[in-house]
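The structures come next, written out as structure tokens.
Each of the next two complexes has subunit A plus one other chain: subunit B in the first, subunit C in the second.
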Partner chain A sequence: MSGITRRHFLTTTAGTGLAGILATGVPPVLGQQREVSYLCWNNFAPLMDKKLAEIGQRFTKDTGIKLKIDHIAAAQQAAKYASEVQSQAGHDLVEMRMHFPWLYDSQLIDLGDLVADLEKKYGKVLSSAGETARVRGTWRAVPQYHAMFVATYREDLFKKASLKIPDTWEDLYTAGKELKKMGHPVGIPISQNYDSISTAGPVLWSSGGQEVDKDGKTVRINSPQTAQMIEWYKKMFRDCMEPEVLSWDDASNNQAIQQGKAGWIHNPVSAYIVAKQMKLPTADTINHHRTPGGPAGRHETDVPRHIGIWKFSKNAEPAKEFIRYLLGKRETYDEFIMSADAFNLPVYEKLQDHPVLKTDPKYAGLKAEGVQYHCYGWPAPPSDKVQLITNSFIMPNMIAKAVTGTSTKDAMVWAENEMKKIMAG
Partner chain B sequence: MAIGGIRVAAPASRPSLRAKVGELLDREQWLGSIFVSPALVLLLLLVAYPFCMALYFSVSNAFIGRPSHFIGVRNFINLWESDAFRQTFQNAFVFCGAAVGAKLVLGVSLALLLNQQLWFKRLIRGAVLLPWVIPTALSTLGWTWMFNSLYSVVNWTGLALGIMDPPGPNWLGQKYYAMAAVIIVNIWRGLPFFAITILAGLVAIPKELYEAAEADGAGPFSRFWYVTLPLLKGVLAIVVLFSTIFTFSEFNIVFVLTHGGPINSTHLFATLARQVGLETGRIGEGAAISLYLFPVLMLVVWAQLRFVRKQAY
Partner chain C sequence: MTRRKITQRLAMHLLLVPFLVFALFPFYHMTLTSLKQNKELYDRTAVPLLIRQGPTLEHYTKLLWDTAFLTWTKNSLLVTVLSTFVSLVIGTVAAYALARLKFFGVASLGTGIFVTYLVPTSLLFLPLAQVVNWLGLGDSKWALVVTYPTFLVPFCTWLLMGYFRTVPKEVEECAMVDGATRIQALWRIVLPITVPGLVCAALFAFTLSWNEFIYALTFTSSSEQITASVGVTSELVRGDIYYWGSLMAGAVLSSVPIVVLYVFFLDYYVSGLTAGAIK
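Showing the complex of A and B:
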């Protein structure tokens, strides 16, 4: 009987094992270093990035899973994500702003189980986050926090001129006329930037208008409600603002109020937070109130941010484990939220009265009673066509045309044509 | 060697591998190919492959991460129906024409100046290159502040000198001013390339020609017109060719300074392509925007290279 020699046995088993590793591309469990990578934006609240790194280190210590966090500027996210998807390689976890899950839905794994756990603990996800992270019934990302656009105003100037805190956009016009006379105009950008859309949206929604119907197909911009919104912008531009708003970028309104020029802007609380951190004299004079409303209610532009996991990730399970670690434990989630100093707030219903809002009396105005949060393009679902309408800045350009001489009707017809071409494309 | 009394010659030894390789390398066609192949591989990987991908994307309905289908030239036709694209098309020609024209005139003037005997000549020549050396995005951020509606140093200076009426032009908020602003920054950035290249051409012109022209009574203008300019034609054609291509494909200046606004009045092909292709994920349309001018630019390149060859032979 020919026995198996020790040399033959070792050669055969080693060869088979190596072939298996090479074929599957997965090392044996004993040799596996569990590791996940996370591509995250450069947070407008930098302390939150620091806190994320700190939590990441604790996660590695507690679970043995190595976490690598990379940061990228918000403006570069779309290009970076496109290259990762095209090459089917890159990070495991990705931070996703607003509608991103809709753009990359076929590339993201279903995270419904994680969201269900979080909703059990913290209550339902806010509507704006749900509308953007849940794509056609599937949770393609887990909502983590949101920043909404509120009114930031110079409390000292309002008191000095005995002005009423604006409850409606018409109230703002009344106050704005006085502010401009005082040399502190209202600062609402009307230019090719996202802050312009963030204000134009609530003005349009509160007068009952919309860009595209909730069916996601029918263009509704040419309407009496839009005309009403444009007329409001015209008188605001003429009586309450300076022409410089036509050239503003996303930072300009913040700078205008921080440097003491603007009397009222519409922005997340970052303008105040930066003024406070930099110890600017205006920090003491700035306060917040809710976005004004109109005949169709009070609406606010919201910027929810989610975490998704690419389908091409080979580390989906440890990646999920990190999301659970960051958001699933109340004390860790609280710690994370607190680090943003009210710039990024919890995105779950039961956490709306969060302790972070009590850390500064000037955050009292940020409580969410009676507000409807929406993302760009609402009520249409955030499809790529609706995103192209947003990214083409059609609404601010329509307003810019109207305030610089084009008739309201012509500006609306122009916007309608541009939107219809996109929807037909 | 003797076998059975018969002498047999030993077999000739085969040439070694080293000798064979040496022989191959002695042949020009082999050696040339070997030297060229790394560059060829790089060109294929970094230029030809992305270019072919872009060509395919432009005739497909490609969307990031989704399967795509061939749709012919539909992207190119649909684009022409978009007001933003037509505006971009017009902007590109205005921007390129004005910027390249100004850079040419100013570049020749600056080169003539730098060709003179100046104090600190080397220092000045080095300093002229600075705008070309600084990363564009960074220098354009500086210009953003200079044109900023709140802190414009340009307006402050203009008002202080009494040549502007308060509050001064809204540089980035009105379409003609915004276009002027991006053109000014492009000229500032591209001028050193023109000046230094033309200067190299000027230095190569034999002094004897000027001396002969001067002896014939030619003044400064005649010397420039009949000696300098004809001998610079080749250099100018190359510089204009490169600059036309770079200026048509400009991205950084517009992206940082105006983001394509106001009302799309400064959008160029590259910035619009990014907006549509990357921010929205419609890479098929984005690629079509990028490649829209490709045939025109090919024609320009062909015509200019033909002109240069004529000048050379």
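Showing the complex of A and C:
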């Protein structure tokens, strides 16, 4: 034993350990700072992104877990997520819009425990968020907030012409005729964009129609209810709108009301919020009311947004900790929601009468009472095929054909064939 | 100058006017929009092609100070310059070999390189994502320096092959008779003659890299790593909200490096582009 002294042993082991750390560049587990990364969409409400960063810093301070937040435009999420899944590397947490959890089902971990905790505190998750975040009974993502399509109208014009606030789509036709005569037509896009689907859906649902049956397989677009919806669009296009709606993109209806041209549009509250932020003269004249209904009730297109954790993440626990930190504490969640200025609202039942709705009298119309929220494709359960039907813009194309001369029957047959082709795979 | 000649010149210039308007209109409209106040941008009674309510620099201020535009531009420049340089070096050697040397399969190899260029990036980004991850370059601008040559090298090779064929073989043969090696002949004789072709390939490669979007989007994420093409669209288009003024300010500023390059090297570019056509 004479060869090894205590000093020699300590020097050798410390030297070897240090050399190992330097060679690999990886500190020992105890010395490593835990870190999670979050790929988040570029929020339509930019102040919510700033608030998220602020909460993230507090999270790091309180827990010692470093949080890296990256942002991406909504339209680019699909490509980015595909590359992360393909390479099985990237962020730990991902923001998921609408049906995304269904599309990435096999790549996301079960977050049922987190949702159960949140439901205990805030009440049940809204149906639209539940239908999209819970995949075949498993919560693949945690619902965080939602934005819905409501009616945005020029209150001054309605008052001037003594028009009734539309309660049904037929009421809108009556008001729309007057608005067009006043030089302020209704602005509903009939083109290849998502706002077109977001309005066509509620009109179809409130007539009792559907694209695909709730069995998720049978195409139901060729029906008397769809015919009724198309006839409504035809008269709206003829008497209440202008042909430019056939070439609109998602931003066009916002701009039409912000510029003072349109008298009524169907959109989330972003049109008003931006007009207010940019101090546009129209901001004072805009107000909101709920989406009109029809014989089969009042339905609204909803855009719930969730947070998921990739299965390939090596930091699932700290990632869960961040979700708990952001959504699990009432004061933090409130702070987060308040920063969006009513663009994004809570997705839990007990929080529906949220204080953010009292920050501006023009948000009074957003209170969710008796509303049925649905995502694209309802009542069919989300699937890749139903999603493809949405992304192929079959419904707006069908309406565009009908309002530009194709017979209602032929337009429906065309849409039916297109949808059947997709369902056949 | 005779009256007839003056009339001819005038007519020639007049004929160019429509082309000039066509080429400059996007820049005019971009610049104008970037200088308009929001209230004028959203005023439907405003004249789209004029500023009537006074210009503003607020969109430039927002772009430069409220976003990381300068970092994105720096990243774009770094990635573009490096990938262009690397691609040009590899492309020159490859093109020379394919144009001058005789070996088995030289023609089909040339065609193969061209076909590689035709494979769209939208198909390649998924397998390349795996390569980038394997290289440990995820969320790094260096991933772009590595991947951009995948489409730039075939392009430069194909373009330069045509140009090398326009250089008479005798020129380098003379040099080799005088004792130069093939490399020396390439370096001292052929390359100085092919400068217009090289400039043309460099300009094209620079433009392709500068405008590239899908690789930049998928291989980088953080604000410190992304390029201007991704940064501007991510930050200033938020769903149905377009920050038109700042978007156009970004477009104007991003087009400056390209405009400067083309202005300085236009003559080389034109002769390089057309050289292969008259062979």
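Note that the second predicted complex is superposed on the first by the 397 of 425 C-alpha atoms of A that agree within 3 Å, B and C clash if a C-alpha of one lies under 4 Å from a C-alpha of the other, contacts with A are read in each partner's own complex, and residues count from 1 in each chain.
Note that a residue touches a chain if its C-beta (ideal position, glycine included) is under 8 Å from a C-beta of that chain, and two chains touch if they have at least 3 such contacts.
Just so you know, these numbers come straight off a predicted model, no measurement behind them.
Asks: Please indicate which partner A:279 is in contact with in the superposed arrangement: first for subunit B, second for subunit C, both, or neither.
Replies: After superposing on A, A:279 lies in contact with subunit C but is clear of subunit B.
Asks: In the superposed arrangement, does A:86 touch subunit B (first), subunit C (second), both or neither?
Replies: After superposition on chain A, A:86 lies in contact with both partners, subunit B and subunit C.
Asks: Which partner chains sit in contact with A:270 here, subunit B, subunit C, both or neither? Use first/second/both/neither.
Replies: A:270: touches subunit C, not subunit B.
Asks: Look at A:195 in the shared chain and tell me whether it touches subunit B only, subunit C only, both, or neither; answer first, second, both or neither.
Replies: second
Asks: Now for A:71: first (subunit B), second (subunit C), both, or neither, which partner does it touch?
Replies: The answer is second: A:71 touches subunit C but not subunit B.
Asks: In the superposed arrangement, does A:391 touch subunit B (first), subunit C (second), both or neither?
Replies: Touch status of A:391: first partner only.
Asks: Contact-wise, after the overlay, does A:208 reach subunit B, subunit C, both or neither (first, second, both, neither)?
Replies: It touches nothing on subunit B or subunit C.
Asks: Going by the contact rule set out at the top, does A:42 touch subunit B (first), subunit C (second), both, or neither?
Replies: second
Asks: When the two structures are overlaid on chain A, which partner does A:261 contact: first (subunit B), second (subunit C), both, or neither?
Replies: A:261 contacts both subunit B and subunit C.
Asks: Which positions of subunit A sit in both the subunit B and the subunit C interface?
Replies: Dual-contact residues (subunit A): 79, 82, 86, 255, 259, 261.
Asks: Taking the touch rule as given, give the residues of subunit C at its contact with subunit A in the complex, in rising order.
Replies: Residues 38-39, 42-44, 125-127, 129-130, 132-133, 138-139, 214, 217-219, 221-223, 230, 233-235, 237-242.
Asks: Quick check on the complex: what are the subunit A residues that touch subunit C?
Replies: So the residues of subunit A in touch with subunit C come to 39, 42-44, 46, 68, 70-76, 79-80, 82-84, 86-91, 195, 250-251, 253-255, 258-261, 267-268, 270, 274-275, 278-282.
Asks: Quick one: in the complex, what on subunit B touches subunit A?
Replies: Its residues touching subunit A are 63-66, 78, 81-84, 144, 147-150, 167, 170-174, 178, 258-264, 274-283, 285.
Asks: Which of the residues in subunit A come into contact with subunit B in the complex?
Replies: 78-79, 81-82, 85-86, 103-104, 106-107, 191-193, 242-249, 252, 255-256, 259, 261, 384, 387-388, 391-393, 397, 400-401, 404, 414, 417-418, 421-422, 425
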